[in-house]
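Below you'll find a set of structures to go through.
Paired with chain B in one complex and with chain C in the other, chain A is shared by the two complexes that follow.
Up next, the complex of A and B:
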């Protein structure tokens, strides 16, 4: 029973509160609870016949936050589409993304959507865990600290999956406003893009490098829509023994906190990250990471795991102990003595200790008999471990401070009591119908300058000044790294690494991200993101039949029917396309309400953004390829069909025109067969180099391959497979999906063509002369002729 | 004696200062009239019973790279310096706010303990930027807010070099 009139707690009077008063309590307390949720809480405490106290309301706010509970994805959405009727999605996540996994039912998917990360089989004894998180709002406010704790948090997710995985690779994808953005377009109180960019890059770099984990995959994307709300996606891959994938908690187990101490940093992080970015944020929501502490914690955990010293664990992330301990004790009940929590400094109220998001903390369920050994092990590594409570069998969350009960809730109410949201989503097609697009008009001499502009565009350019700051060699397992070719000049499509140095098996990690399509059609944006991630994976030798994907949605105002409809369309595409490829989702994360006020005070949403991260197992790392040209005389094949799909393309960006036209579509059945055949071709040794086609189309891909290998190319782009005749501009710059440029030695050409019959066309050859020539074979006109030095110089422009 | 002491660690004359140089390059685009150089140094604020020789030992054995760096003990910045509008060398000090995690300070405390000096109760770390020279205090304030610090997590203090020198002389 709650201790009466304890000076340690503050009662919150809600029992007699009107709707407006309930909302005011939520707003003032930074709880981010809506009226419906406040009323459910009010009814619960009416039944108990008492007012809630601060720790109880905070617990519910953290546990029920969008960040922790995925309210929008788990709710009921009535979707209506112009001209196509309506449909009700009862749990959007389960009925689209998780449904793919359930229906495919791959035996090598060992753990999906139920732990801190997804786990797939690497071999018979080892699994690969993968998780990608976002840390957007903290990074907008304090870029260095926010981004650093983003990568620190996802590393802890990997440490906390099953009984703990060893982190072996980090990934990072960032979306920023361009550095050149006019100050007039930067809202008041927002850090300029330059500071956000530098801070985020340094924050992730310092944390990942100091942890001794390689970062060998990622991307940086620029769009003005991210001015006040950058996106910081951080991912970690881990290696886990098969017999450590499951965890459990038993009554009587000790609740042990391990790692960093608790302070006021990060209080209300979970509820804050579920809200829109406005002025007036307090510094308490910001966390600063401590990589060395996390490294020590990791070293202890992996030893303790192998000695079998604990039965369950999870990381302290959003919501702090309230989420971590609450999750572990959901099936049993738990008693926590908050005064035992090691603090950074005195003066924290019990509720602050409970919800603080101080970093580098893990929570373990330890059988009492193992405590002494665990304690000694932690002491030997200089890591603090403390018993802060015990798991019970009363199905209650019992918070105490120096013997007084300062919070008491039923576990069932904490985890199942949240009301589901009901929302309406309405989709009507964009006013500028894609088919009405006007074709870009070019003079012949414009093609070369357009290609140079594309190569220098910040989304395509090298960004070596970013990538080179990350250690992609540590641990010694990197096989295919960010750059390839002569003097490491070309951009690889994906990274390949060996998590076990005694095995020739490898892991490939890639990603797909194209927000510029989302404004025109979120369905095909999502489809293209999946296609791109898998395309990149296949381009280096990956196999889509042993690959899985992760979704990370970053969306705007989820209460806006149109934005919500866009989300529904993207999720539906996730189901259709992933199912079509036969590739399951194993994990994901959503970040909603990425909104901000522009200088005129108007509420703006970020561009609709979906990051798809792909991971696959490669049986033999010697059967992988890079993207740089290797040998003059080799044939260059274009795989896949080219259509006039310039909607949202980078061509429009460099021409400074609105992103009109048809967004690339994915013909998934053809794409799947093509990807499987290309994988076979690489395995048979037919392929000397392979590069996926994405931003900027054939022209950009050919340029990158050419200067990557320091050999030229002479290609007739009219030999490309086209279902309908299209103009030269589309042949050069269309971003049609599911395409590759492939270098094939003359001796392998017959075998390659036979294998990929109907999917490939020989465009020309690799040349010794360091010039890229793209010509129209029908008119015998050279469309574009550029020396490699000029192309490379444009690509290496620091944007 | 109990007190708060600031140790400034700066590059020796003639040694490259990449942080200062990098910031100077970044500021070129702002075309600040008269700005000739930016120098960077690391600050450590130690609280506790520390004799001058103990502070010197902490600096020499723990905080300074003797090949490239030197230190100054006691350069406490006056926080109520007279407002100046004239051109001169301005100093901007940036510190983490109280309560914000200061990771480096934890390592420094551990290092001091390893030197068998037990009388330090708290350490905070900060950054000092010395601008040669700026047209006015207002320019320094603007740089402090827009480039050097984040008001959410940092405290900032702007002073003229001359003021500091006088204050420092008075204190000693």
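Up next, the complex of A and C:
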């Protein structure tokens, strides 16, 4: 057994390998295993007294990949900060992000960080599951297929959480290089931005729409740094009965594969996605998706769940069966007969069957007594279900092909054997210190044209060209849509929907993403992403006391001490700020080594990117608000303090100057109280419209509210709450965090002001005239006066 | 209490079955979602229902053409049962993909030999579009809609919704027989001939439309529900389903 030669398996000689030979084996086999890991594997097989075979090395490579195991996050990081000493983070994830969850210990957090997705309570009987994944590298190589399987994969994560959740919402956040990028800046072998953008958007559209899941939240972000390495974040929200949140695989249960067949597509996806993108990688690492197969699989799976036909379930994602079956059988042991796996075509070697990432496959643990019923149910809807093995009690992973053993590993070694990564991180402060930063120079008449440029900036402009291609109404639960108004006139801050049509409870989903702050200060970048996600959630009526967040890090070279230090700082902010808000993380994902070579051959990391996705439960969907102005004569209040925080702001982008100055800071204790009070104000009906302030500050938010509702505004921006006097340019365009513009009817003004005392300032009123006027009340000068038509036309410029 | 029995037919790729079922329930019917394989296996099943709804989605992925494969299943495997259903005056409703199915199976605008005389082609934009549209309800052979509003607002979500009749004569016949039920008003989102958004058979008991009435059966589904002028109305989608199941339809 495994000591004889067999045509089915290939032995890989590692026992006598030198360090360089071990590394060469890893590199040649696309295993992405480092020397330390190869040596641990060598030692394991020395003990067994034999060489490993292909399926065994592949299993370890998949299971230990950065994609599956979060090596960097789980490792030991020695962090050193210029002038502030050092600190050791033993498991960065546990000591920052997961620590928030643990310390807050919210009873409505039903499942966090241990399953395919996080689950929070929706009501007494139902939970809401949420997961966001990235599919960056596949989308760079093959945008349509890569992005389609990205959304397909995260939908399966939700189908595979607990005993299965019904997908009820998709979210997408994309980061691309701008279409206008000069071809000279596109490295050799990289697709032009136009092709990546169109392919990604079409791929997600065709898969998501066919699945019948509304896509009602997202963002599209442009920066040159994403030219060779676009970011494709796909998220799915699911609805799950409370009694289906836990899995319990038992010895004797059958291993059943359900759904699509297995082919040679997507081999090495997990390991490839953990490595840097280099020229010449074959696109066979990208899977081929088929949405209707997944829809069929979902249809029978949810029926089987409700009939209680299986005890364990997970999706086949990265690493294919090797990860899925390995994970389900981690506690028991499992035997798999690989020849039983239904194939798309003949000719796959056993190890290929084992690690293929072909799509639309789920793995179930089925008690033998239920097999017949499950098989009949699947047959009735034309879905293939096949027994491919059995869970054992020997704590071994036993792979066979036609009775012959083709791989045999101890489960403990597979799951616990990986050596921990030790890395160094060093932080020194950026060159542009706030004090030395220049102020933007303005002639007064420039304010209007600057606002128009901001509204037309691809990161701010309307994304109708994307949003309209996605079905955001299917399932019938939509309450607050991507755009306000019948004709989609203004951008809403978050989406609200009813996952159960017989309930007035809703779910709110929002996101925060500020890569442009990351260059100057990753700590405050992360803080602002959390603030923005929660601000958006609160702006539509959400409650931060029943909300949770997800982290998705996309980072550059994790071996580079400075990039790693930036990550540590971002994680530390995640702890400080989330804890300060009292909002737990429930799930997350990290993608490292998003690096590429620029046309001069220099290794570059992408902008430091942290997506924070927020989800919350809304008790009564009639207590939500949109962002469009609704009634002339209403008051417009600015909530929160405005400071001169233009570092990394979009003002610098449209002025075409390098980012400088202070990145917005979050004063979390104040922000938390303010968010809670605003939520109460919305609940009391004091608020007719609410819009969060983000890119472009007060000016952009006011313009959007005005053309969103087709009523003008006349505001004195010098009424804003400011801790220190600041110039007009900062009052108009600063991106200070934790701020909102709120429309309050005259009758509600006293109540509103009393409630938000110290946090709000009335700037002026909504006007019938379709003009936006922003004044400096002290000098009595009009800073900016623009007709709504012109503002709206700028915003509707297609990026 | 038991209302009229309404079957919501689904197959692989159908995806509006749950909300359509909910809309029927709100309208007073007793809905039941059934898989096509079940209906094909038991040919008597259909006759036990009063209303048949073919909901939206991407049946069989819209491979070949939107709705084509399910249309062929109906036309070649279930045609007698369906013809009897229609002849008895029971209603068949096709929404979005269901409309595409009914057209391609020859139940709309309807002829004895089930030949196809109209189609729903790619939108002029060449893209899938999801947004709200304004509609004008015509005075049509669907007299069960007579008591509903004349100005409707509903969302569309389709890539193949451009209504095209075979020729001018086909269109003239539809007009003459009052088979045009809905037209887009203001913006024609997909380039439909005559801005046609929905049609019925000559008897008015088979209807198909591209917009989604099941997505506007409660007030909070409307994009401007939070603006005061939209409160306190019976949403038009609910009016539609109440009419379809033969219950009170008043605006």
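FYI, the second predicted complex is superposed on the first by the 796 of 799 C-alpha atoms of A that agree within 3 Å, B and C clash if a C-alpha of one lies under 4 Å from a C-alpha of the other, contacts with A are read in each partner's own complex, and residues count from 1 in each chain.
Convention: contacts are C-beta pairs under 8 Å (C-beta built on N, C-alpha and C of every residue); 3 or more make two chains touch, one makes a residue touch a chain.
Computed from a predicted model, the values in this text were never measured in an experiment.
Overlay on chain A: chain B and chain C fit together in the combined arrangement. When the shared chain is aligned, chain C comes close enough to touch A:205, but chain B does not.
In the overlay built on the shared chain, the residue A:474 is in contact with chain C alone; chain B does not reach it.
Of the two partner chains, chain C is the only one that A:485 touches; chain B does not reach it. Of the two partner chains, chain C is the only one touched by A:381; chain B is not. Of the two partner chains, neither chain B nor chain C is touched by A:42. Once the two complexes are overlaid on the shared chain, A:296 sits against chain C while remaining clear of chain B.
When both complexes are overlaid on chain A, the residue A:626 reaches chain C alone and has no touch with chain B. Within the superposed three-chain model, A:195 lies in touch with chain B and out of touch with chain C [touch as defined at top].
Of the two partner chains placed by the overlay, neither chain B nor chain C lies in contact with A:594.
For chain A, the partner that touches more of its residues is C, with chain B and chain C as the two candidates.
Our summary of the superposed model lists a minimum C-alpha distance of 5 Å between chain B and chain C.
In the superposition on chain A, chain A positions 290, 292 are in contact with chain B in one complex as well as with chain C in the other. If you check the complex, the residues on chain B that touch chain A are 26, 96-97, 99-103, 106-107, 146-147, 150, 152-153. Within the complex formed with chain B, the residues of chain A that make contact are 141-142, 145, 191-192, 194-195, 263-265, 281, 283-284, 286-290, 292-293, 344-345, 358-359. Interface residues of chain A, counted against chain C in their complex, comprise 205, 209-212, 290-292, 295-296, 299, 380-382, 467-479, 481, 483-488, 498, 501-502, 621-622, 624-626, 630. Against chain A, in their complex, chain C makes its touches with residues 12-16, 18-19, 22-23, 35, 37-38, 56-58, 60-61, 63, 127-132, 153, 155, 157, 212, 214-215, 217-218, 220-221, 223-228.
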